[in-house]
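When the chains are written out, they are named A, B, C and D in that same order, and each has its own residue count from 1.
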Amino acid sequence: MLEILKSRLLQGYRAGKFPRRAPVMPERFLGLPLIDNSLCQKDCSACLQTCPAGAIQKESDGGITLDCGKCIFCGKCARACKSGVIKFSRQHDLAAFERKQLLRRDASYSYELQPKPIIRQLCGRSLKIRQVSAGGCGACELDFNVLNTLAWDMARLHIQVVASPRHADCLLVTGPLSKNMLLALKKTYLSMPEPAFVIACGTCPISGGIFAGSEAVCDGIEEVLKPDLYLPGCPPHPASIMEALLRFMGRQMRPMEGDRENKAQKEDKAQEGDKKPEDSLKA
Amino acid sequence: MSPLIFAILLIIFAALLCLLLSFNERSAGLVVADFSSGQLHLPALIALAGTILGLLAIVPSCAIALFRDTLPGCGEFMRAWFLLPIICVGILSALHSIAYLDKSFSPLRRGVYWFFFNMTVAMMLLVTQAEHPVIFLLAWEGMGLFSFALIMFDYKQKENMHAAWIYFLACQAGGALLMLMFFAGAFPLFVFICGMLGFGLKAGAPILHIWLPGSYQAAPAPASVLLSAGMINLGFLGILRWLVLPDPALAPLLGYSLLICGMPGALLGIFFAMPQKNLKRLLAYSSVENMGLIACGLGFGFLSIHWQRADIALLSFAAAGLHLLGHSLLKGNLFLLTDHVYRASGELNLDKLGGMQKILPGTGYAYTLSAMAISGLPPGNIFMAEILLYVAAARGIASDKLSVVAPSLALFLTLAFCGVLAMTVFSKASAAIFLGEPRSKAARRNLAVPPLMKRCGIAFMVLLLIFLCGSPFLAPRLMHAFVGQYESLYSADLGAELYASALDARRLLGLVLSCVLLVGMLFILLWRVRRKYLPYSTAVPPRRFTWDCGFAQPTARMQYTGTAFVQPLVELFAPLLRPVKKILLPRGLFPKKASYELSCHDGSEQIFWRPLVNFTVRLAIFSHRLQSGHLHLYVLMLISALLALFIWGFAM
Amino acid sequence: MAEQFLILRNPGAAPLSELPILPFDEFRSQALAAIIGRKARVVAFFAYAHGAAQRLLLILASDQEGKLLLSSSEIEGAFESFTPSSAQFHWFEREIYEQHGIMPKGHPWLKPIRFDSPGSNADEPGVCEYFRLAGEAAHEVAVGPVHAGVIEPGHFRFQCVGEQVYFLEISLGYQHRGIEKMLRQGPDKKSLHLMETCCGDSSCAYSGAYAHLLESLQEDLCPTERTQVMRMIAWELERLANHTGDMGALANDVAFRPTMAYCGRIRGEFLNMTAELCGNRFGRGLIRPGGMGYDINDAIVAKLLPWLQASGKELRNALELLFSRAGVLDRFENTGTVDSKTAANIGMVGIAARASAQKQDLRSYHPYGWYRENPYEAAWAESGDVYARALIRYEEIKKSLAMLEPALKKLPPAEKNAATPPLSLQPKHIAVSMTEAWRGELCLCAITDEQGRFEQFKIVDPSFHNWYALAMALRGEQISNFPLCNKSFNLSYCGHDL
Amino acid sequence: MSMFVWFCGLLLSLLLCPLLSGLICKLKGIFVGCPGPSVWQPYYDIIKLLRKGSVYSQTTTWVLPLAPLISLAAMLCAMLFLPFAFVDSPLAFEGDVIVFFYFLAGARVISVLAAMDTGSSFAGMGASREMQFSSLAELGMFCILAFLVMTTGNFSMSGLLNGAGILIWSYSGTALLLVIIAFFILLLSENCRVPIDDPDTHLELTMIHEAMVLDYGGPDLGIIHYTAALKLWLFTSICSLIIVPAGLFSGFSGLLLFILAQFLLGVLVAIVEGTAARFRFLKVPQFLLAVPGLTIIAIIMLLLFK
């Protein structure tokens, strides 16, 4: 007992500040891509050629569209682009309620912020999640699991993982939906009482991600289930998942567009001074 | 002629007529009524009519005895109390028998069955009636013999014959002991021991219950009902009528011995019921438990008289009486319901059944309710008895004297532990039979169950309900009866005590019933709220599949079997139960086969009877050696015997 | 009969012409002789189509000599199974049968492992003939593919009576994504990312092994000394993060909340350190063939060092707390035991093998990269139970922490930024590269065609060797101990299913 | 007046019982260094579940849909006999203890049957464990009852719990202490707490209570959560009533103390959960058999020193 108390003193109170304070993402973190099509060279397709996931499309007007639902956030395109059309910000909030909102053509942030009213009414203060891995590499699961740890402690924000789909409000799917998981995913969804929601967590369930095109996968879950929330990322950072879940529950109000990036950076600098490194990184 | 004698004669007459007609081919094959499953033949009709008319004839006198307001004639009340289950169970099992004896039985066999059935009933009635030892002994012996014939009705199966022979031996031993009891009046202790053993044999006392599980399992279902719900009680009647009544001085001794037999009996019974796979065997062991508890109640009552605590005594007697009736009806019902299951599936092995609720919904409700009731859950007839005994024991615990506290405490804990183990046993049984998915082809077979059988089940449930609601009124009357019977035992004036206890019991049972009613009302209220006001529950919830982790092909093998359900408890009590496991473990990295089989042989057989038999056999072999046939050896024996006598003579 | 093996050191490549192609009987007898005589282990055994012919390729590792032995044989449609002689082949032969329909004759346990055509005839994944415990009292407990926790899918079939497990069979394949197939004709722009997503928690080990593989196939792709150190940092951070997470999970399974909570958080610290290096918590994009995706500058070193020290201290404290609780040790000890004989029979690798007294660690016996110059002494234990596997993790955590600090302090200076040359692999070569991922031995094997493309690419994840050990560990165990046993192995589903 | 206080106690118990579970979860969080779920989380969960739909399995019969409400009704009826806020229940009668515990047992049996009704191996596993552990716990419970009967000479819930006042503490405090420890073990076991069960685990193979209700969703599950919270409250109530000498407090101070005592016991449960590791299942029976063991020692002490 004494040892436990001693240990508790040493370990300290380590809960993260999210969502009260914006998370500080690592220096080299690749978040929301910002596209400046005005700089795009017409005859250049360096980004297209280098993208391993085929997320970039050249549009007829000369600009490009980056599909976050396909992007695996490797950053190769930003390095390949000599004219600086593509930049990856350190912004973590990537989730969207509609698939088409993931197509990025500019630097604005125009995601819908409010979920369907029923979700907020029902799950605003109690969201029970059943997670299903449908193929994939297991990294999304790991980073989702992180939300259970001290630093994130999603239980304090009314989110919990439950054992049975019968207990769940929401199905969180990761992975590109391997053919072998098709039936299991359907059965899990069918086992949930109404109303049942679906979250596609990670690039894989949205489009198949890096595995798109393989014979053994279905290229995302859309052909089986219509997700109520799309969260790109490979894997999404815990902060992204957390933000997405909160937004899904209708509990996270975004600061309006425009000043977001600046604000985040300012906060960064302000925090760096007074915080220990481990604290700033954890959040 | 009293109605009882008339009934006995009528039943015997019907039996003889039935037997006579059965041997005549023409009349034996004469069909009187046609049911979906079989026909009712003339002899059977006669026997059936005899039984039912006879038993119905007793009802009025029985009712008068039970509800007469004045105290005298308590002997009559007791007799009526023991007659009550025989009447109920007799009529219903007779009706069930019609459906039981379907086309597969030849008319002759039916005739024989009915003969023995009627004779058994008649002898049981005679046993309750007999006032003279010789008649009693004759009736007792007849009851044993005729029921022996019923048990060996299905004589083609070897194990049935084995069970029947053990039963026969037990009956003969019991009869012999009782004979000794009646004709050795000079030695009270000897009389007592003989009587206890003799009647204990019939009442399924621990160790002496050896015949019980096998014969219940072997007998045809209606006969099992007769045995378990009617005959087994008569052991207690014997003890009350022939042991205590003639010699009230035996009461304290009887109290101790009943309590000392009853508690381990109850525990052993329920322990051995736990791992049983055969449904009827499980019920048989549960009978041993219930008999143990009844013995506890009676024993505690007699002890309390000895302690001069009339209030405790009265409560205990009322508890024992209610328990006896409740057990008879519930056990009868459960045996009959088990027969429904057997009819529909041809299977009595718990581990192979499952999902029968969908095939036999009515049976499922009735079984589950009866199972909950027999494990002592409220609102059940057994609970009504047990709560009285609990209160009695608690009053004993609150006493100042250690000699009172210790037995009360032991009884209190025995009751609690038996109760919770019985809940385990019966939730295992009803879950394994009725709930989940069928575990074998048999459970999926869905053969027709004759409607008559089902109606018998309904009748049982109605009777149970009537007696449940009547229990607040019956309990005080039981107290009266016992006071009247054993008035000589009480030293003080009983009037006030009796009045208070009767009031206590009536109030307690009434309150329990109203609590149950309250729960029912609360439930209905909650149910309506749930249905009406919760947004999504107004719609009919979709029926999908049990959550199977998303696996493609879940099978019925993926549910707990009855044995698996109790496995942890059986392992925990393995030193007591000594389960015999035949396990072939999977060997090596890629095993070819593995298997598991568990059986629990009767504890008394292992610990007591087998060593006893072995010892006897060894003794016999040894004495056989002395009989070698050599003359000189006999001479030597003669001389040594003479020598021994000489020495003894000198020593004196 | 002289031994005919192509001998390589890890990582190594050789022209395909040097690979002996033996008649099957000789191939078989030599392989078995090497397994018995040289105490060699099966690292990989697979079939591939070479033109019209079907070839079997076997890679053995002799730990004491630090050598890899390669041999091959041409067969037609079927061959005599090795499994009855050596159970190490068991899973590989099932894979061969499933992938190519080549029948290993006499295989005692031929069932699909990934439910992928053509060898598996199942309509639905996971549906096959399971071993049964006979007797009416016996029942099955089927768990998965969708589990109660947040873990990957797999199907576990327990043969039980009540709480007692008599047999466990594990059926995987739900995570099958066809990575090996997608890698053929590479390397292309996807290849590295596919390697990193073979098994999400071992991204660095995979990308490292892949880098070594390409570096051995292309001579001018030569990692600098600084690169070697940086890779080691990535690997050991990965190891630390995963071992820490596992210790927390083990604590969780015995419901010991303090250590579970602390380890969960500290694992995050290690992941965040990795993210500090490359922006991704799993080290994606950090290691690439020929060099590193990102450099470690002084600012990062200054940030990481105190961070590492603090986290290390907290971690030691959390683990000491765990190992000091009698209740925890009681749960750990004698639970899920795999004895050393079984471990050797099955051919277990990694921490699970080291916990069952198998002295094997690629960093010691087949050193590669940084470990070549810096000898590493493997930790091992005897008892083979959950306790041993936890203890090995604790020892390795201590060792990793001890390696990381000096490495970070004394990073070799950055060399003049020489651009990595474009990829052009040697044609008609065979290359094998193994790294000790945190779970154990990870083996990549590539065969290039005339254009220097991958004609065949084989991945053997450590879990591939170890899943059967988990099944063995559960025999005769209580079913309630399964989560604990499972966590103590913590095998990868996706790494196995690929 | 006292009747009004009792009624307030009853009402507050009905209202506050989920808060106790919430508090335990919160404290467990704080114990390891994070905020933990909101104390109101159980309320949010229950309200949400009541508003959701449900799905029933084709395998199930009448037992599954009825069981949660039967359990709740039985539990509600049983709690009428408790002397809330140290005031004797107006419904008390001799023997109501038996009704109380048998109603609880009935609730347990019906939920076990409901679990078996699904035909799922997990539910069967949970049911089998529940029956095993509760059989042993019941034996302990009745030992404790016997002890209380012995000390108070009364056999109604109110008499037993309120009677165990200053007197016992004064003449056999040690015995009472043993009994309280024993009862606390029962409290942990009956409410599926560490070290017997882990309410936080979500692994099918190790759960007891949660494994049994895997197939419930929506309103039924909400009712089950509430019933579980109520059961915990009933047990902490009994525990606090045994500990606190009744005569000392009356009226609203008693009510206040009563509520406070529940939450203090909740803190104790949280501390146990925060520090203990869970037992192997094979060891649980030994742990549970300690209850009758301790109580019988207490009874012997009582007999010796009375």
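Here, contacts are C-beta pairs under 8 Å (C-beta built on N, C-alpha and C of every residue); 3 or more make two chains touch, one makes a residue touch a chain.
Since this is a predicted model, take the numbers as computed values, not measurements.
Seen from the C-alpha centroid of subunit D, the farthest chain centroid is that of C.
Between the interfaces A-C and B-C, more contacting C-beta pairs are found at A-C. Comparing per-chain C-alpha centres with the mean over every protein C-alpha atom, the closest match is chain D. The distance from the centre of subunit A to the centre of subunit C, each centre being the mean of the chain's C-alpha atoms, comes to 28 Å.
If you average the Cα atoms of subunit B and of subunit C, the two centres end up 63 Å apart. Centroids of subunit C and subunit D (each the mean of its C-alpha atoms) stand 47 Å apart. Once the centre of each chain is set as its mean CA position, subunit A and subunit B turn out to be 67 Å apart.
In subunit A, 4, 8, 11, 14, 132, 150-151, 161, 163-166, 183-184, 187-188, 190-191, 193-194 are the positions where the chain touches two or more neighbouring chains simultaneously. Shared contact sites, meaning residues of subunit D that touch two or more other chains, fall at 31-34, 51-55, 121, 124-125, 128-129, 202-204, 214-215, 218, 274-275, 281. Contact with two or more other chains is made by residues 536, 541, 544-545, 547-552, 558-560, 564-568 of subunit B. Residue ranges of subunit D in contact with subunit B, taken from their complex: 50-63, 69-70, 72-74, 76-77, 93-99, 102-103, 105-106, 108-109, 112-113, 116-121, 124-125, 127-129, 131-132, 134-135, 138-139, 141-143, 145-146, 149-150, 152-155, 204, 214-215, 218-219, 223, 281, 285, 292, 299, 303. If you check the complex, the residues on subunit B that touch subunit A are 536, 541, 544-545, 547-552. Against subunit A, in their complex, subunit C makes its touches with residues 114-116, 124-126, 145-146, 148-153, 173-179, 181-182, 189-190, 192-194, 196-201, 203, 245, 258, 261-262, 264-265, 267-269, 271-273, 275-282, 284-285, 294, 300, 303, 306-307, 310-311, 314, 317-318, 321, 324, 492-494, 497.
Contacts from subunit B toward subunit C in the complex involve residues 277, 349, 351-352, 439-440, 548-555, 557-568, 571, 583-586, 589-591, 593-598. Considering their complex, residues 28, 31-34, 121-122, 124-125, 128-129, 194-195, 198, 200-206, 273-283 of subunit D touch subunit C.
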